[in-house]
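Letters are used for the chains, namely A, B, C and D, taken in the order the chains are written, and counting of residues starts over at 1 for each.
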Amino acid sequence: MKKLINAPDDVLVDALAGVAAAHPSLSVNIEDRYIVRAGGPTAGKVALVSGGGSGHEPLHGGYVGYGMLDAACPGEVFTSPVPDQILAATKAVDGGAGVLHVVKNYTGDVLNFQMAAELATDDGVRVEAVLVDDDVAVENSTWTAGRRGTGATVFVEKIVGAATERGADLASAVALAREVNDRSRSFGIALTPCTVPANGKPGFELGEDEIELGVGIHGEPGRARGKLVPAKELAGIALDAIHADAPLSGDVLVMVNGLGGTPLIELYVLFAAVADWLSGHGVRIARSLVGNYITSLEMAGASITVCRLTPQLAELWDAPVETPALRWGR
Amino acid sequence: MKKLINAPDDVLVDALAGVAAAHPSLSVNIEDRYIVRAGGPTAGKVALVSGGGSGHEPLHGGYVGYGMLDAACPGEVFTSPVPDQILAATKAVDGGAGVLHVVKNYTGDVLNFQMAAELATDDGVRVEAVLVDDDVAVENSTWTAGRRGTGATVFVEKIVGAATERGADLASAVALAREVNDRSRSFGIALTPCTVPANGKPGFELGEDEIELGVGIHGEPGRARGKLVPAKELAGIALDAIHADAPLSGDVLVMVNGLGGTPLIELYVLFAAVADWLSGHGVRIARSLVGNYITSLEMAGASITVCRLTPQLAELWDAPVETPALRWGR
Amino acid sequence: MDASTFRAWIVEAAQLVIDNADHLTHLDAAIGDADHGINLRRGFQAAVTMLAETDPATPAAVLATVGRALISKTGGASGPLYGTGFRQAGKTLGEDADVSAVQLGAALRAALDGIRQLGAANEGDKTMVDALGPAVRAYQAVVDAGGDLADATRAAADAAARGLQETIGMQAHKGRASYLGARTIGHEDPGAASTVLILRALASATAGLPTEGRAP
Amino acid sequence: MDASTFRAWIVEAAQLVIDNADHLTHLDAAIGDADHGINLRRGFQAAVTMLAETDPATPAAVLATVGRALISKTGGASGPLYGTGFRQAGKTLGEDADVSAVQLGAALRAALDGIRQLGAANEGDKTMVDALGPAVRAYQAVVDAGGDLADATRAAADAAARGLQETIGMQAHKGRASYLGARTIGHEDPGAASTVLILRALASATAGLPTEGRAP
């Protein structure tokens, strides 16, 4: 294992110290493990709180700021945060209008956020939770824990963040978050595994010409192993799977996301292939992101997320945002 | 070699197609191999043109836009652009006030930009060139081609871009660029090699506990091979080298830059170590960047760049910028 | 079975989890995200520390403390699940200073119900429930047949081990492993494996014997 | 030596560069950035194409075309350097349809001067100049001794090869390799190696013989 760290067990705390030193706009509570806006809670605004295992940076801490999250709760690498820190963050950002938990659909995240929500409710905070489950690689059946939450999390946090900034109440924030999630689908492809620092060994092994199709963001193997084929074909595999699950049409927001170890030049090559596929299917790219937005440590590979836009969603997407990882309009 | 590409020889063209599809704010000339602002040349403004080998994304194409570059000329991966494309880009963005070539100090880049400048001058375009050479790993002697240009390129492009946006003339743009370069120093560390697509093999080999100290951004080995030590020590090695070359003090702009394959969480761990070293030496981090800004394909590792700020430089750094990779203030 | 024996159980369980952390993580790498051993080690170390700090007087207080510690420190799916299990178990024991074999049986049953209610897993879903379910039944059978605490906990541990073996043939329907679908068949479930360790620790604590699986 | 022989030289040089591209890149990987073979292959392929398209009539026009093509397509340091070398060489040949051994010597000298002026490299700096410099001198010596074109170009190629060997012991002071300082000692210089190929091609083109180093 080769990593720019001090010690495997210190990664999270050291990284949080780095976040604190790098971003004066954020306030990092290293003791309780949460990141909030330096300004403190916004009175009368519905607060957006998200969190999950670390190793997905910039998610979630990099999305704390005006127009997006109010707080992020980073767990250990690839491990759900614990109820205590979620509770502390929830109370820290409650502005009196209630708190919305944006939870990626993993049993661990769901259970820990659920326990935190119960505790917060006991303490008189109004809390709602929305599950993000956009990954079409996992079929959503009673035979699984349900779809994983992946790329759509970025869209939900941005769009609902804009709405709450404008005064959306808790109920409509919940409804909007569900709408964005329902309109979004993702598919991920891994070229290499990644190594959890505390573990020290790669999560799986791959041959020189092998890839994992349908991976999530926790270094786990995918639904199936495949051969490394040209980017054009990989884009087709991902978009066919998305299209089969929820037919694409009209204007879309597309994210070609690097999993952490893939150079940007390759993401642009993949984006070109995605653009070809979409135009070939009469779908228009109205908005897009290309880069590392929700990662899996140093894993090489990419995920493609598509959201079928409405004029309202596009307008909220364009609204000003000011976070370390996503910024425009101010 | 495992890459998200279609064919090794198509990487640059395919990536440029992706850039064109992803960024409506840019106009990409795939035939002549350059990227300019969609708006066309800004009349009366000194135009900023940079370029170099590809594989360093987001440099340079990701920095084309308001407040930064007017044009970028991407060569093949790790290979200087050719005079023809530099000439074409130079003419495309000339707004009548002259064109400044920002050239990273590599023999190939220097010679190709030099030839392009001669041709442009023959065609009646006023052209000046500034060399960026901030890498302290290479001693600047008659026994070398001089220092390499690395991280400071981002600072020069941002700060001089802001000044030209405000109407700085060619002479003062040159002077400002030299000032930023003179006040900046960098040092890079590699944990893994990287593979040029057209080559197919890693540029060098490293043992499980080995690193390369003093690497540039072209997948080349560094000045020396070392052992993988904790991030705190690596920060010390880099900053001691920088400090020995140009003593640090006062307010600084710091960039902890990922070389392409290093996850953001590790860059934050390194940033914390950098912040510790600086505060221990009475140096104040006034501005900072953490992320992948000038990369070496999928190489794992990081570079640290420090610029000793003046109030004027800090103010120009804060000025609005609107490019794919760097954006604030609008 | 008094508070000190309950504490001995948890200390022993923590030691077993630490000794087998890499193995649990290795099992999780195959069908999950390679952190189960890391998570439980963190959780049980916190539980032991909290017991030492607060020194709870009753069996119920010991289990409540352990449950809180696991929930606060473990993270992942297993933290809330095991934590809830211990808390529910503790709630059945009231203020008693000494707990009978029958009472422990009810406590184990409450742990199983709590975990099943929170995680909604049925036996056959390839989870810790596939080890704990059979264990609870085996324990009850021994007690009903008049067996003592040591016999019953031993039977529970053995039944859990058999349940763990059963998980190899199962396809996961709950937790991260379910994402891998049929690829999960042929692997032990990490949580079932850790349940075996915890029940082995219980058996040796009640019998006052050394546990198998301890690192030398 | 007429225009068709000059074209034959370049076609042969292109073939040698293509056959040895991986080797040149491999040399560049050791002390540079692993692209010299890729660059020169791209450049010489463009040169051959441009010669076929424009079919220049005089030796001077052939060299000018090759120089332009190398500058336009090669990239890197070697593109402008080799391109300038060919262009400067061409400028010495005027409109002549046939070039003497003496004229070619002056052309090679002009190429060396052009490369040295642009790159500011001295012999000993571990560059292409360490192959081309000795080659130009050896060529001149043969001509001065009354030798013919074939002898002179053969001598130039052999001297370049010896110069290449000399670069192994040198520390690079120019180009990317200079960044590696003493680590460059013990490796051949890629550009010196490609210069040997280009001069070998010249020797066989003038002698009308097959060149050593061609892939079978």
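For this structure, a couple of remarks:
The rule is short, and it goes like this: contacts are C-beta pairs under 8 Å (C-beta built on N, C-alpha and C of every residue); 3 or more make two chains touch, one makes a residue touch a chain.
None of the values given here were measured: they were computed from a predicted structure.
The set of chains touching chain C and also touching chain D is empty. Without chain A, the contact network of the other chains breaks into the groups B, D | C. Placing every chain at the mean of its C-alpha atoms, the farthest one from chain C is found to be D.
If you average the Cα atoms of chain A and of chain C, the two centres end up 32 Å apart.
Computed centre separation for the pair chain A/chain B is 29 angstrom, with centres defined by C-alpha atoms.
Here the CA centre of chain B is 55 Å from the CA centre of chain C.
Across the assembly, chain A contributes 77 as residues in contact with two or more other chains.
The touch graph of the protein chains shown is a line. Two chains count as a pair here when they touch; such pairs are A-B, A-C, B-D.
Chain B contributes residues 2-7, 11, 14-19, 21-22, 54-55, 57-58, 62, 77, 191-192, 208-209, 211, 228, 230-232, 234, 256, 260-273, 275, 285, 288, 290, 292, 295, 297-298, 300-302, 322, 324, 327-330 to its touches with chain A in the complex. Across the complex, chain D meets chain B through its residues 25, 29, 32-35, 38-39, 42, 71-81, 118-119, 171, 173-176, 178-181, 183. Of all residues in chain A, only 53, 75-84, 106-108, 111-112, 114-115, 137-138, 142-145, 148, 196, 198-199, 201, 203-204, 216, 218-221, 223 touch chain C in the complex they form.
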